[in-house]
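These notes open a run of structures that come right after.
Each of the two complexes below includes chain A, the first together with chain B, the second together with chain C.
And then the complex of A and B:
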């Protein structure tokens, strides 16, 4: 089992690193980018970091608040499902009217991309906390806040992880979409969009590959968190 | 020590417990025996403070119980261990003080239940019997006066179950605890108990009470043991006849 996993990791590493090498050779030989490429990557990653972290923190907090009261939860759950069924990209025109061409618009799009998914999944987890764990905590004298932080949240982690995983890929899509729709004049989405205007096929393809690679690495990041939490605790199958 | 005064419990319109009235003495190993689906776990949950009686009162040292508290420890049938904590972490979960004190104390109880080598293991890697040992260590570690055990060995295979019963008595020998133990196994009840009550089917009443006095070594073939076992089994036979 362990050996098989190691072999899989090795193969994955070979695939990814050969893809990267081929890509680098390709983009250098075709002179796909100028020096600005790193600024474009940087500004996209910067927005992603702020927007996603914000949505994780606020999403989990919102879910905790909603789960604290049965009636509040019943009222808001359909609203969250409704918000989840709006494709994030459709927010961009709305945001452009409100916040204009700015970092804020892109960050808000990233935020909206994952916020509701994270709320939804965290709520799911909080609803399914093992009641005997809560009882065990109560008899040991835990107060409600300690029960929340030391029992309910860790026991919801398998659901929270699902939200984080879906959220990060939704947010990444939202980022590229927002940048393409003209919410910024920097970033990978902007880059690929202008490549089209200049009929620069090499640049368009290269940018596309960068977007794919970065998205892939981000989801690996969540998988690393998953391995060090729910896999280690044996919660993954629930 | 624990006074159960005319306690009844209804779930919606279903009457589960009907005027249970009994006193559990300090230091006693008190076993509640009853068929599946009778209110024995409900009764234990009320002593724990997880649920409230519909009628009547439960008092510990003459103080009415209204919520769970650290004067009681609870061992669950499904162990209820925190999966994200190691064995050591689970046993430390109920302790107070600085980290070093907590660790030392937790290790003392982990050694008591014979899991020293597994202190840094996560619960999902342990067998059922081992998990229940951790659960016991966790409940003992913060030194409650009363230990409530809800069919703790119900999910274990026959051999492990017998072993755990022996070990439980062995471990408890060193501590002065009042124990309330719920089971549906007559053998287990007679083997462990100082006193047994038998509950009827719903709505449950106490239909039998017996002090178990076993002379000599407690084992399944002891003469006194067999005597009590026969008596209770015989009584249950007549009861089911009436009930059905």
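And then the complex of A and C:
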């Protein structure tokens, strides 16, 4: 079974990489990009990194604070689920006026894209921690911080990872949207938007494929993290 | 138990009232710039007096419903018919790739090919509704108990009967997830595409258009209304479908 699976994965890897090579040849022969394509990709990834890391860290911290008290959690949960249902892109026009055309606007949009989702899922996870484990830890003399880092967070990690997975795809969407609406003069969203102005269909399609590919790789990244933690620790639900 | 239920309603209301009054006071005292951050009373006035709001909402919801009504069944049908071939894993990878393309980045391409307005918005909407349905139906069939199909074969069910009586009920949990995902993705995408491709109406168009005039209350109204409309749609459509199918059949507990 294990060998078969490895063979499968190898086959998949070969098909995917051959598709990528075909795409690269296509984009070179049609002269879809000029030299600074890598700068565009780099600046998008840089914004994504800052915005997403910020929202993961702050999201998890916020969720831990909110879950410290039953009543506080009751108070904030409806607000968070409402904020989750707002399309992130509608924040962009407001942000454009408040922070102007800059990196900050894009980063804030990325942040808003995943922040509430991560809080929501982390709260869910912390709610479902086995109370007996916490009692056991208390008996063994763990202080609250040690309980958090050694019991609560590992036990709720499969919920947290759901939030991270959703969050990274929402953030990526928010990034492309924000860059398109003129929040920057660099980046993949900007590139695809200017392709329309110059009526360069090849460039638009190639950029679309790059955007999709990077988004796909990012969600794979989270899945790899999932495999190396949850599956290894034996926490998977079913 | 009852006390908890009451608290569940009262506590969030208190929080929202506190937040709104702080916002109002801060902007009245000019601690935050009232030009940029507006204030709740102005936004409420805008919501109650804006005559075009209902048009904007109706247009956006119309586009959403049309897109999902076309894209969702199409995705499921493709998923079911594809699931028989051997290279399913490959199709799954391709679908996952298409799912990770943000809907809004299709917009420039379709604007070039089709032009501005409803056709572009709905085409992008259909695409965003299509792929989650395809992906989830593929997954559902993969995890389905194959023996019941053998039973159906033995009872000499026709293909149509097999589809409606065996396959669709068996994967209904996945279909529901797909419906939820289709709705939420398509709503987000439609609002986004409206910002660059709509010509007259639509919530996204309204919000983006207000930016040119620096009309902050309208922009905040856009944010709030698009959230509320989505919540209503989720409760009305998905909630009802959930109650009449999977909850009734005992496949999922009602929350």
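Basically, the second predicted complex is superposed on the first by the 235 of 238 C-alpha atoms of A that agree within 3 Å, B and C clash if a C-alpha of one lies under 4 Å from a C-alpha of the other, contacts with A are read in each partner's own complex, and residues count from 1 in each chain.
The rule is simple: contacts are C-beta pairs under 8 Å (C-beta built on N, C-alpha and C of every residue); 3 or more make two chains touch, one makes a residue touch a chain.
Since this is a predicted model, take the numbers as computed values, not measurements.
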Using the overlay on chain A, decide if chain B and chain C clash or can fit next to each other.
-> fit
Answer with first, second, both or neither: which of chain B and chain C does A:151 touch in the superposed model?
-> first
Kindly classify A:199 by the partners it touches after superposition: chain B alone (first), chain C alone (second), both, or neither?
-> second
Considering only touches as defined above, state whether A:189 meets chain B (first), chain C (second), both or neither.
-> second
In the superposed arrangement, does A:135 touch chain B (first), chain C (second), both or neither?
-> first
Would you check which partner chain A:100 touches, where first means chain B only, second means chain C only, and both and neither mean what they say?
-> neither
Does chain B (first) or chain C (second) touch A:42, or do both, or does neither?
-> neither
Identify the partner contact of A:233: answer first if only chain B is touched, second if only chain C is, both if each is, neither if none is.
-> first
State whether chain B or chain C is in contact with more residues of chain A in the superposed arrangement.
-> C
So after the superposition, what angle do chain B and chain C open up at chain A's Cα centre, nearest 10 degrees?
-> 100
Look across chain B and chain C in the superposition and give the shortest C-alpha distance you find, in Å.
-> 12
Which residues, counting only chain A, touch chain B once they are in their complex?
-> 130, 132-133, 135-141, 150-151, 154-155, 157, 229, 232-235
Complex interface listing, chain B residues touching chain A = 48-50, 67-70, 72-74, 76, 78, 80, 82-84, 93-94, 122-125, 138, 142
So, in the complex, the side of chain A touching chain C is made of residues 8, 12, 15-16, 71, 74-79, 82-83, 85-91, 93-94, 96-98, 169, 172-173, 176-177, 180-181, 189, 192-193, 195-196, 199, 201, 204-205, 207-208, 211-213, 215-216, 218-219
Complex contact set, residues of chain C against chain A | 7-8, 11-12, 14-16, 36-37, 89-90, 93, 96-98, 100-109, 111-113, 184, 187-188, 191-192, 195-196, 203-204, 207-208, 210-211, 214, 216, 219-220, 222-224, 226-228, 230-231, 234
